[in-house]
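Right after this note come the structures.
Next, two complexes with subunit A in common: one pairs it with subunit B, the other with subunit C.
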Partner chain A sequence: MAKEYRYIGKKVPRRDAVDIVTGAVNYLDDLRMAKLLYGKVLRSPHPHALIKNIDKSRAEKLEGVKAVLTWEDVPDWRGGTPGMTRILDRKVRFVGDAVALVAATTEEIALAALRLIDVEYEVLPAVLDIEEAIKPGAPLVYDEFEGNIVPPEFPLFGPGCLTGVSMGDVAQGFDEADVVVEGTCGYQNLPNAIPPEPPGVIALWEEPQRVTIWASTQAPAVDRMILAGVIGWEVDLKVLGHPVGGSFGTKIVVWQLESFACALSKASGMPVKMVLSKEEHLATFVLRPESRMNAKVGMKRDGTVTAVSGTWLVGTGNHSTTTQAQIAVGCGEIQLMTRCRNWDLKSAIVCTNRNASGSVRGFGGQELKCAFVPILCLAMEKLGIDPLDFIKKNFIKPGDGYFWRDGSWYQYRGIDYSPAMDQGAERFGWRDKWRGWLRPSSVNGPLRRGVGVGVHGNADIGEDVSEAYLRLTTDGTATLFSCVTEHGTGQRSNYLKMIAEVLGLPLEKISISPSDSTITPFDFGPVGSRGTYAIGSAAIAAAEDARRKLLELAAPLLDAGVEDLDTEDGMIFVKADPDRCLPWIAVGHDRTILGYGRFEPDFTLANCMTTFVEVEVDTETGKVTLLEVVNATDAGKIIDPPGLEGQLNGCLGAAGIDSALFEETIVDRGTGRILNANLLDYKWRTFAELPVIKNVVLESAISSHRFRAVGVGEVSTAAGPTAILMAVSNAIGVWLVEYPVTPERVLAALNRVAGGPQGGAA
Partner chain B sequence: MRNFEHLQATSIAGAVAALTRFGGKARLNAGGTDLFGLLKDQYLPGFPDSIINIKGIQGLDAIGEERGTVTVGALAKLSELSRSHLLAERFPALVQAAGAVASPQIRNVATVGGNLCQDVRCAYYRYPSHVGGAIGCARKGNGPCLAVRGDNRYHAVLGGRKCYAVCPSDTAVALAALDASLVVAGPEGERRIGVAEFYTPLGNRLERGEMVVRIEIPTSSLPHQRFAKFALRRPIDFAIVSVAVAASVTDGVCTEARIALGAVAPGPVRAGEAESFLRGKRLTPEHATRAAELALSGAKPLSRNGYKVAIAKTLVKRALLGEAAGGAGEYADVGLDR
Partner chain C sequence: MVNGSEVDFGIGTEEHQVPPSETLADTLRERLGLTGTKVTCDNGACGTCTVLMDGKAVLSCMTLTVECGGRRVVTIEGLRDPLTGALDPIQQAFIDEGAFQCGFCTPGIIMSAKALLLENGAPTEEEVKEGLSGNFCRCITHYQVVRAVMAAAQGGE
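Right after this comes the complex of A and B.
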């Protein structure tokens, strides 16, 4: 398009920016309403136990207590995939599992009531390790899951749902290889994305069967779908999305807390608010699945991967709603970065007595690659292949194909990302700094520097359905109706920019509805990196539809064909003769024009992030310092430069690069308790320790929607962890295959630790 | 948080009387930065009946010098220590240690008395009550130390007994190297306890009704001072290992050296053998390395904390040689308080 955009690609203040920085935004916990009760959860001290007896009578007598619920009181609501997990059960399956629920007029009373509930447990043997869990005779988390293996199907993805990658002939592939390596690697440190706002909900149950949910959720329509599956489709359920104080993919699976609030509201007849404390957030909310892979890789001297076989064990904790989907997407993503004809990669989902798993940014692909790439590196080392060359050669190219999550084969119609990789390498100085495998790029006494590179791409940019309505009011304003919440990325403002371009309207004439499931059409929500392409396409289509309807109404008035007309700043004019014009209101002051847009899933495009890192390792203390990060990508046309920069600079925390450096959830193997469920002990980078971050962003014309843009938000974190492992291994000359690279592990690898067993898998 | 009686103490005598009256069921509140964690997480059995605010006790934050002794009031803020010209001149290691604690915001609130008396950071000990109940342990007098067979990556490598939690205070390490004493007030009047002797495996030597009122540091001429802290992150983190060194060197020869190790034991540990070894020696890399070996010669690491011994040796060696501690270690963001 030759015409210059008014807003796309320009720095425009986010619609909600001033409200956020002045504290005017109403987050979930800011909401107040009449007769509001506060709900609290009594939590299990044991990782695995049966409730022999539970006495709530003392709690019920406390003044201000309106409802106390135990497993004996609640409806038989079940969640998870498959739907096995009762909201309260006679059996508790992790430390922190819900034992009883209380609603009271104040938080203090609710907490006091929890202390008055007497519970007698029969403690059962627990299993916390995924490899222990699949051994014969291991305690069963669910009697129904033999060997603690969870069924692999994810109904939403259909009968072909990927559970592995299977094609070609691996035996032949290994024969063709110049080197075959085998290895095991785990990404099991459970890095927590920890959005600043803890999960929270208000539920109001009105008889008969009418439920309103005010939720801190990333995707209200999906949330409604999941919760309806738990409390019953017969319930008239509406979900009101709110500004979300960060999500990082985690606030999609919030049905558990919501179902607690629903049950308490049903029992008390009053609205019930439940907000997790920071400790509960870290210790009891869903976590990233554990990933452990044993794989064999065949590779040729030129970097061609001839075969991959292996088993991917995925630890799901006591249950999960999304693990099967994460495996399916991960299995797609591994093909995007490894062009190979022969695959035999299998997966198994293992449940244990720790927190449930849920969706977290990186959604399967990050978990899989963090465990797989170190094994690939062993082969590259044997053949002396520069990992940048490997990545360039093996990342998906136009015309290649892959099985995606539904098991179908898709042909890639996107761009070649090699130019972005090259420019990133140049910015980083890769060719100067790369000295070969297990060789430092520089040595200064005990300080050794090393470099690494990682890549991540995802065809989720076009996943799932989005719908949007666009309402034009003939006074020259427009309103987007979308079930998308703002969870920190600024996307709600970006859709307004797109609509402004389509309608030729000033940005301030366009507004957006609340993400209320009763007034907005379906949207899968801003998950993965689908916000820009998938959701953007629906918003654009709705605007185009409304625009066409407007011009159709104006055409007879201007005595012109629809195709001859255009609109700018609330005026409709004949393109060839702009003086022949009418204001929108000429089509009727009493008329509303409604456009509808729908995006159908498209798995034929993928985004790509290449991350280069340089670290310095103090070989006498084991300290690893991240010195520099270069992120290289091609985002197509940049919609919002500061928003994109924010996404890319977000590569470190929220379970990204730092999940290889120091982020980890420490689960005590003896008690099953999480030992660092606070932000002091869960190590989290502060602004005082930011490394140099450089971003290289190309703007190729990508065949997405009319603005030729794709999202890269999710992938900014995912390429980094493997790059860190590579960089530290190169710096010290010893392979590290466990995350994170703590001083303990580094010193152990260097044989500088005397005494007891050190390092190893967490 | 649960309800409690809030008392305003305006004198040491008043605070001591209140502490005595509540018979162990009262807590002092100075900066409150450690206390509020206790009140919120409720990791100890019982809940304080009373919180005694001592912030209003006049003069208890004074820093001054008299007859060869520098005194620092217990209510002096950590940021006041790290900004003090007197301390910077006499005891740079203490200034560095005070500036290495937490973050500028916390140092503006937290007091040195509170820093010395803060509770240990053991994750088992501090496990919050509202996520399955607090954990009983030896320190609480109701169970074994779970760290011995559990996750002990941050626990003691020296001097642990019954409880293997380490003293988390940075300033205690510098004060131990400076031969400082704590003046403690109680129902029976005042007494003095050496900082290195203040801590015990299960707590400290404060008796019921007692409180730390000031620190006394003998002025001595040990001009070479250094505090080094190794932590996973620079601001807002507790030491994995810390080291304070104070030495005098004449013509390249060490005439006296004091070395204190932190975060490796229930209290700061003076490395007597290493100190004796260094007397009369040149501070060469070889001698520093030998001194570091001697300082850790008594280490008995648990299953997962042997790496702390390696880090401690490195810190001792580097501190003696006047080198940067490395990594995030260098006395944190000292200077931000200026």
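Right after this comes the complex of A and C.
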């Protein structure tokens, strides 16, 4: 039944639009509070050292200082997965690791106090390279992790948590192949998502153990769960979410900063605010995990992948909370893009003396693909297979199955994304521009153009639980209670659109609660691309439940059955005879109606993003310019067109496509220091360097919820980096297998061609 | 003058005085409560903290408050029509185009765009991009922003 929606699919200003353009949105650092103290962190100059002595007495005497904490003073709070990382430890594990915490009446005093803390270190040998770290005799980051290998389990995903892909018979698969290739590729440039708003928190500890957290996190309920795991479930912990100034996944896990603020508030009895400086943000907050894969791929002439075997090394820095989960999801995602019966893919997590890795948009899949796809491409090259044909053939089709993150087998019940891929290809002009492997699409003197294509899909769109309450007031208004904060996608406004359709109410009659963990039900939060399907389903179910309760109350008054009734604009009427109607208030002015909705995880649907890119390489300077990007996807029914466009254009930044072009965190292997931990030296794309972006979005009816929509926001960054590597390799006629494609790397690759026979993957 | 009102501070280190080292961003946010001006890098690199001084875009994190004597400062809070409260056409165009995601960079971008349009009422798309090239936006709202600024410029002709 084709129903004309009032709001869904229409361009409706976001609920927070006026606040955003007038500066009225209160991000964490904009909150004002009486008696607020400012917390600062003394950080280690060494990548690996023991604290032999620490003297805080001078700092404590400074006027205005309310608390100074060292590893000797703090409770034994531990975080990370597994929970091995103490909030302050006798041992420091990276340059920038926390050594001491100070709370003072002003930031200046807190900073001055840091300079008065005397620390004597015993410097230990450090290890910064993941392959060095697993060699016998390498320094151990944690004594408990032999060989610096971190346990692979992620408790939330259960005992079957995927740590690799294992099925079929790879030996037989390789026998059946027309070509078998082997290669190694790494995505180890540690791009940083760098949301503009720095990570920040305010904590208030009230004795004996009540804690309030004002947090910059998009998922307060999850934040609460993680922090309770650190500071103890016995603590009465409430988390208040606030608008988030960008996250890109990184602010899902902020327990470290929060636990610092908690400890300082506990010690001082006052609320403590901690906001990282941009330098601290870049040097000590989470990075993408690094990824290196050695793999063997068997392929048939028709593009069938007969076997994949290999090892995926994942560098997690000094610790991480989510790396195991990223591996589990990545291992699921690789199956979505490679239909293959025989797998033997193993992973290992390696810790080193650099800052922690964390969750970043592309969550595991981007890291895995960036290392794996170049190896797949070697096989395609040998067989002369067009990568678009390969992607179309190998991306999951209805009825196929896969192991997902919990280790269970799921059967895909979604759509075939080939039509979206075809339309994207047409928009891009793929068939004209593709000239074969390692062939430029055009040459103009020293300028050579090349094209590439990548794909990414994720079955996270239905992951984890969401709950919502929907309260109807009989004056004809509704309020959604949801533990979801706005972090840039506009989803909080989109849920209101969905509810407006269900209840037949004008949008302005519907409001949304703050994302306060004490008043809202559980929600895993807008992580991955789950916002539209998972969270949307809970909001819809809550609205449907409330609507049904309302109609049940009205039915006797209208002398009709519930099924015979409908409601529109605050009136309840008999469908067959709309003149028989009542306003909502007729069911009682003194009545509140509460609907409840819950979404249970569903891993049988996946989204898909295909990204086509064209680059131009200046073979004299090595400079690579991104000329055009076409993103092709099928989102089901589009809920919010401008929001969707923003998400798709987001493919460039936040450690997406640009992580293949120029973004990287440069770690000095000698000192362990990050050399570009500021926005002058970390390269980012400006307005002056915008490629053309075209987004092709189909709107098939996808079997999700009643609006037949799925989220695609998270995946927009993930398909592009491999496409860039492919495009540059094609432009210059030689394989590049390292990210990013800096001028030095391009020139070095060109010299390799000039100097001798062309090599395969490094 | 900040957003049309006279503001007067003594210079010094007493609590009510502005120390000579205080930045305009800090004065606006911490003393005047004008938190619409956001700070990303605090280092002159990202344009988030942009405000107008005598009609020109300046980075408030790199401007010392002591240097602002006798100047007219306008922040994002001062863009609305003071009498009617109506949004500035640029603000309205940003809403119409949905030219923001997380919104953290948006006040700075709007102020840069305002300065640009004050100087050049009918810019080309290239001039808009050039004029905003100092503004960092990690969500990638650039395309929608350029459309919004072009629409505001055309609407204002």
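Just so we're on the same page, the second predicted complex is superposed on the first by the 750 of 762 C-alpha atoms of A that agree within 3 Å, B and C clash if a C-alpha of one lies under 4 Å from a C-alpha of the other, contacts with A are read in each partner's own complex, and residues count from 1 in each chain.
To be clear about the criterion, a residue touches a chain if its C-beta (ideal position, glycine included) is under 8 Å from a C-beta of that chain, and two chains touch if they have at least 3 such contacts.
Treat the numbers as computed from the prediction; the structure is a model and nothing was measured.
With both complexes brought onto subunit A, simultaneous placement of subunit B and subunit C is permitted, the two fitting side by side without a clash.
In the overlay built on the shared chain, the residue A:A688 is in contact with subunit B and with subunit C.
Of the two partner chains, subunit B is the only one that A:T621 touches; subunit C does not reach it. In the superposition on chain A, A:R752 makes contact with subunit B only, not with subunit C.
Of the two partner chains, subunit C is the only one that A:D16 touches; subunit B does not reach it. In the superposition on chain A, A:A283 makes contact with subunit B only, not with subunit C. Using the contact criterion defined above for the overlaid structures, shared-chain residue A:L680 touches subunit B and also reaches subunit C. Legend: residue contacts after superposition of the two complexes on their common chain; A:T520 is shown touching neither subunit B nor subunit C.
In the superposition on chain A, A:V95 contacts subunit B only, with no contact to subunit C.
Of all Cα pairs linking subunit B with subunit C in the superposition, the shortest spans 5 Å.
Taken together, the two structures place residues 277, 678, 680, 684-686, 688 of subunit A in contact with subunit B in one case and with subunit C in the other. Residues of subunit B touching subunit A in their complex: 1-3, 41, 103, 121, 123-124, 127-128, 130-133, 135, 146, 149-151, 153, 230, 232-238, 240, 301-304, 306-307, 309-311, 314-315, 325-329, 333. Residues 11, 13-14, 16-18, 20-27, 29-30, 32, 193-198, 243-248, 277-278, 486-490, 640-643, 645-647, 649-654, 678-680, 684-688, 690, 693 of subunit A are the ones touching subunit C in the complex. Subunit A contributes residues 43-46, 95-96, 108, 111-112, 114, 277, 279-280, 283-284, 446-447, 618, 620-625, 662, 666, 668-671, 673-678, 680-681, 683-686, 688-689, 742-744, 747-748, 752-758 to its touches with subunit B in the complex.
The touching residues of subunit C, when paired with subunit A in their complex, are 29, 33-46, 48, 75-77, 79-80, 87, 91-92, 94-98, 100-107, 110, 128-130, 132-146.
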